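Both of the next two complexes hold chain A, though its partner changes from chain B to chain C.
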Partner chain A sequence: RKVTVEVLDHLERLALVDFRDSEGIERLQKAIQFADQLHEVNTDGVEPMDSVLEDRCLYLREDDVTEGNCTKELLKNAREKVEEYFVAPPGNIPLPKLEERETFLQGS
Partner chain B sequence: GAWKGGLRFQVSAALKEGRVTPTELCQRCLSLIKSTKFLNAYITVAEETALKQAEESEKRYRRGQPLGVLDGIPIAVKDNFNTAGIETTCASNMLKGYVSPYNATVVQKLLDQGAVLLGKTNLDEFAMGSGSTDGIFGPVRNPWSYSRQYKEKSVPKSHSEDKDANWVITGGSSGGSAAAVSSFTCFAALGSDTGGSTRNPAAHCGVVGLKPTYGLISRHGLIPLVNSMDVPGILTRCVDDAAVVLGSLAGHDPKDSTTIQDNFKPFELPNLTDVSKFLIGIPKEYHAPGLSSEILALWSKAADLFKNAGAKVIEVSLPHTRYSIVCYHVLCTAEVASNMARFDGLEYGHRSDMNKSTESMYAATRREGFNDVVRGRILSGNYFLLKQNYENYFIKAQKVRRLIANDFVKVFRSGVDILLTPTTLSDAVPYMEFIKEDNRTRSTQDDILTQAANMAGLPAINVPTALSERGLPVGLQFIGRSFQEKQLLTVAKWFEKQVKFPTIQLEEVKRHNHGVFQHQKSASFS
Partner chain C sequence: AARGCGGVWRRAWQRGGGGCPAPTPRGQRAVSCNARGGAVPAGKSGLAPWVPVVGLEIHAQISSNSKLFSGSQVQFAAPPNSLVSFFDASLPGTLPVLNRRCVEAAVMTGLALNCSINKKSLFDRKHYFYADLPAGYQITQQRVPVAVNGRLSYSLCIDNKMSQMVTKTVRIKQIQLEQDSGKSLHDDTRSQTLVDLNRAGVGLMEVVMEPDMCCGEEAAAAVRELQLILQTLGSSQAVMAEGQLRVDANVSVHHPGEPYGVRTEVKNINSIRFLAKAVDYEIQRQIEELKNGGTILNETRAFDSKLGCTVPMRDKEGKQDYRFMPEPNLPPLILYDAKSLPANMNHQQVVNIDWIHERLPDLPSVKRAKLVEQYGILPEHSFILLNEDGLTEFFENVVKQTQMKPKKVIGWILKDLLSYLKQHSLTVKESPVSPFLLADLLNLLEKKEISSTAAKQVLAELWKGEGKTPLEIVKEKELELIQDQKELEQICQAVIDGQENE
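Entry: the complex of A and B
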């Protein structure tokens, strides 16, 4: 069962990471094959486990402000900023379609 | 030096008595870091701040008011922990130049105890790997590659350069930290452990590597890989030292809601002489394919050691062991897909020049910032999380996780106190051989004996046991019950005492040999 180009394209959009070359795609195929071994295990009646600490109560602290006011510190690490804003390129523009993108998948 | 296995100088005592000063100790370590630069164990050496910390410590000792056993002790931290004012890179282009605005809780705790932070150690990029070979700063070399013990066993080559070509890996992903401790450039180091990343390099570098119970030590400030499995790891030269470091780190942290709220009391390890009350379990599934006959023999010898000392030793079964790696593969990539989403160039780290749209900027940033291993795991993770796959892969893996965890519960419930297993399948392989296989294949092979403890959240420790035929360290692993670190470390300490693992004989260390440096060569600081 091979992964379709549609799924690969979909993954590139979701992950915002690209399959740089055929090795990347092969890597995914192998990863899926490897994961398929899970289906050998009988898990009837078994609940999924989110955390090994599932039997304990999660700690919730009081809703008090204990720290903050570190705008300057935090902005130090950003490359593009204006006053107290992080600056992003225009949004609401989807990634170009497969044919227009610089991606290895174009060949498929 | 006159140091012999079994006799221990106590650095802390020496500091207290004024036989050595914190600044002297710090300078020795910094100097040794320089002369062992070829190991590539450190990414950043924080020389100025370290010396300042040492000076402050010295003032406290002169006043007769040291903060504790760790005051003035040089330590190193894996470069995936945030350290205020010091670059934190995760060995990735994505975070090159990133200077943390805060200290990870564990780092803060060590500094509050007066420890001297020498620098940040090398790792596989974003802690993904089992060799410490896949970071942007290059691979870490195992100090034992340069030991007399290894060189004696190597086939002699015609040129002196060739000795370099045969160097072996540290294991990973906390290879830098393991190498730093192993080569005496620090007395303790922090690593992280998600699938064995502290215990694996500990075994290959001949040091103690402790993976604490999940929830015991805060992960705040540890750049996350797998939130449900990551723990900070402790690397030291002896079990007593690991107990001291554990004592300063464990306990609830309001900044990490996955730390348990139970009161944690630091403990001193008793000098156990009678092991007859212990029931040691030997899980038969850990006789994994590929386990070297050497390690199998050592494991067997260790079991006999316990038997002859009066302990009860029985074979047990953890039937789902062989699915642990597959399960890990799915859960890890899924959590990685989520955790790596934060790296988009907007707030910190690398940012691409691509400016057409937010999405294309993110995509270009991540394309430029991450290596193949990281990108591969993100893509796999996203695949397993797709709507059509979620139930069959992610949820399925979570169910298998419960089965793996239950295997341990059953065994411990039957009365077993501690499990004894090998840590790695073989001793450290030469780098040239290691890179012949890809990262995922290697990780799959190398994590097989360590991963299940992360799956179940249990504490586990590597204790250096003996040298292989090639003159390289081999360790054995003890796995304990949840939050029973005291019992685990007590047994580990007893075992350590029995096996008397030899000291590494390094030329560089010998060259620094004079009075003060005796403390360097001693195993412990506590």
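Entry: the complex of A and C
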């Protein structure tokens, strides 16, 4: 079972990853195959575990102000800033449609 | 005859002129709600009735000192990016640490809304890209939230008459804890967005109300009651103007007996008044669209308060796929009650549902009932008292200081004092007439030293806030009732003599 071009395109759009070439897509296929082995285990009547932390205690913090006030340090990471604001493009720039972008997926 | 929301419908179209396509021709009422909910036929036109369905998603900012998962401060209006920790900025190597106060706020709110509290709830990541969400995901509770299956009762007046009130209920689907995002300031001239992360990570309670409402008036009344509850609990200050309470409405229409129609989501609603307008407009818009053979798109629309209509929001990316996954850095949140409380646990690490329940303050509905019982005022009076910040206190202070019966005092509070305040756009706290002064005035009236007409004149003077006492004003304007028998006889005689001369 191959992963379809539609799914690959959808993933590139959602996660902004670039599968780039056949090797990248093959790696994805292999990863899915590897994870599919989980289906061989009978899990009837077993509660799913979504974290190895499930038996740990969730630590609760007191409602005190202990952080913040480091504007200068944070803005050091900004490529562009305007008066202590981070600068971003006017809105999300969605990935162009499959037909309109240069991607290996086009050819498949 | 159709009742209930009729008045609201009328108002909705009359303002529909200007830049907005008015959904119905003036003077024609296509649909209205009655006090029992649901739709009423249009009347003579014989068209199939429409049933509007309204659900709400409300985000209330938790009133706490620090954020949900970090120790940076929660404060409105601070220098940009000054209340941001490394975690809030999503710098690598940082981890979320849950704030106990936020958990307590959610439990309090859940209990006040008659919810079942989930003793075990889970955190999830909701992924999407936006400049004000530095992590690329929001930590929320999608699978198992902290509270579910509650209900909220609220009241409406029929036909805009306060004397006829009806109680309605809306089911609460769930209450979940989640992070707020930062703020984006759009600078269209320079084609850029400025991002301030001060709000990023602030704790929110998302309250989801089932689609049990049928019009703008119901939605507004439900939100108003929720606001009062949150303010009473102190779990949120719920001031809409400061973004502490944000409401998104889900609206659809269908014919009775048929399945629900496609719903639209309406955002950008900044006040309770606009909520009613936005919902009513959207209902009408959908009805018109369907009557004209069109279809409703499952889209997100923004309410334009200036034009009084809803417009599609730019949605180039199509339907969002949030790729929910469990938050790997947080174990399940376990809450305890008196029975399940472990013996040797550090109490700072424990949130005890029963302990919180015992300490819940009187909710608005209870406060109103107590006011009616204690002072003999009408239920609708108690609604107005609670609706204005500080008015109940004012009323009770006056009652304490005067011999006048509370049933009479309430008239002065609601008719005279409140209308002055409204006319001058003042809050109760800003009133130039204090409870003491008003009580003083009412005592003069009660002792029959002045007439009620004179009392109103004195109140008008007191309103100027010149520091004079009621007695001083009475003397100044010679408003005292004459008690002397002889003097009264002389005046009457003079009047009679005057008449005889004509």
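As a working rule, the second predicted complex is superposed on the first by the 102 of 108 C-alpha atoms of A that agree within 3 Å, B and C clash if a C-alpha of one lies under 4 Å from a C-alpha of the other, contacts with A are read in each partner's own complex, and residues count from 1 in each chain.
Following the convention adopted for this analysis, contacts are C-beta pairs under 8 Å (C-beta built on N, C-alpha and C of every residue); 3 or more make two chains touch, one makes a residue touch a chain.
The structure presented is a predicted model; accordingly, all values stated were derived computationally and were not measured.
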item: Which of chain B and chain C A:G24 touches, first, second, both or neither; value: first
item: Touched partner set for A:R56, first chain B, second chain C, both or neither; value: both
item: If touched residues of chain A are counted for chain B and for chain C, the larger one; value: B
item: Which superposed partner A:N69 touches (first chain B, second chain C, both, neither); value: second
item: Which of chain B and chain C A:L16 touches, first, second, both or neither; value: both
item: First, second, both or neither for A:V82, with chain B first and chain C second; value: second
item: Touching both chain C and chain B, counted on chain A across the two superposed complexes; value: 10, 14-16, 50-51, 53, 56, 58-61, 70, 74, 77, 86, 88-91, 94
item: Partner chain C, residues of chain A touching it in the complex; value: 10, 14-16, 50-51, 53-71, 74-75, 77, 82-92, 94
item: Chain A residues touching chain B - in the complex, by the definition given at the top; value: 3, 7, 10-12, 14-20, 23-24, 27-28, 30-32, 34-35, 37-41, 43, 46-53, 56, 58-61, 70, 73-74, 76-80, 86, 88-91, 93-96
item: Chain B residues touching chain A - in the complex, by the definition given at the top; value: 98-99, 101, 214-215, 228, 252, 254, 257-261, 320, 323, 326-327, 329-330, 333, 337, 344-349, 351, 354-363, 366-367, 370, 372, 375-376, 378-380, 382-384, 386, 392-393, 395-403, 405, 440, 444, 456-457, 482
item: Interfacial residue positions of chain C with respect to chain A in the complex; value: 64-66, 70-73, 79-87, 89, 91, 97-103, 122, 127, 129-131, 184-188, 191-197, 314, 316-317, 321, 323, 326, 328-334, 348-349, 351
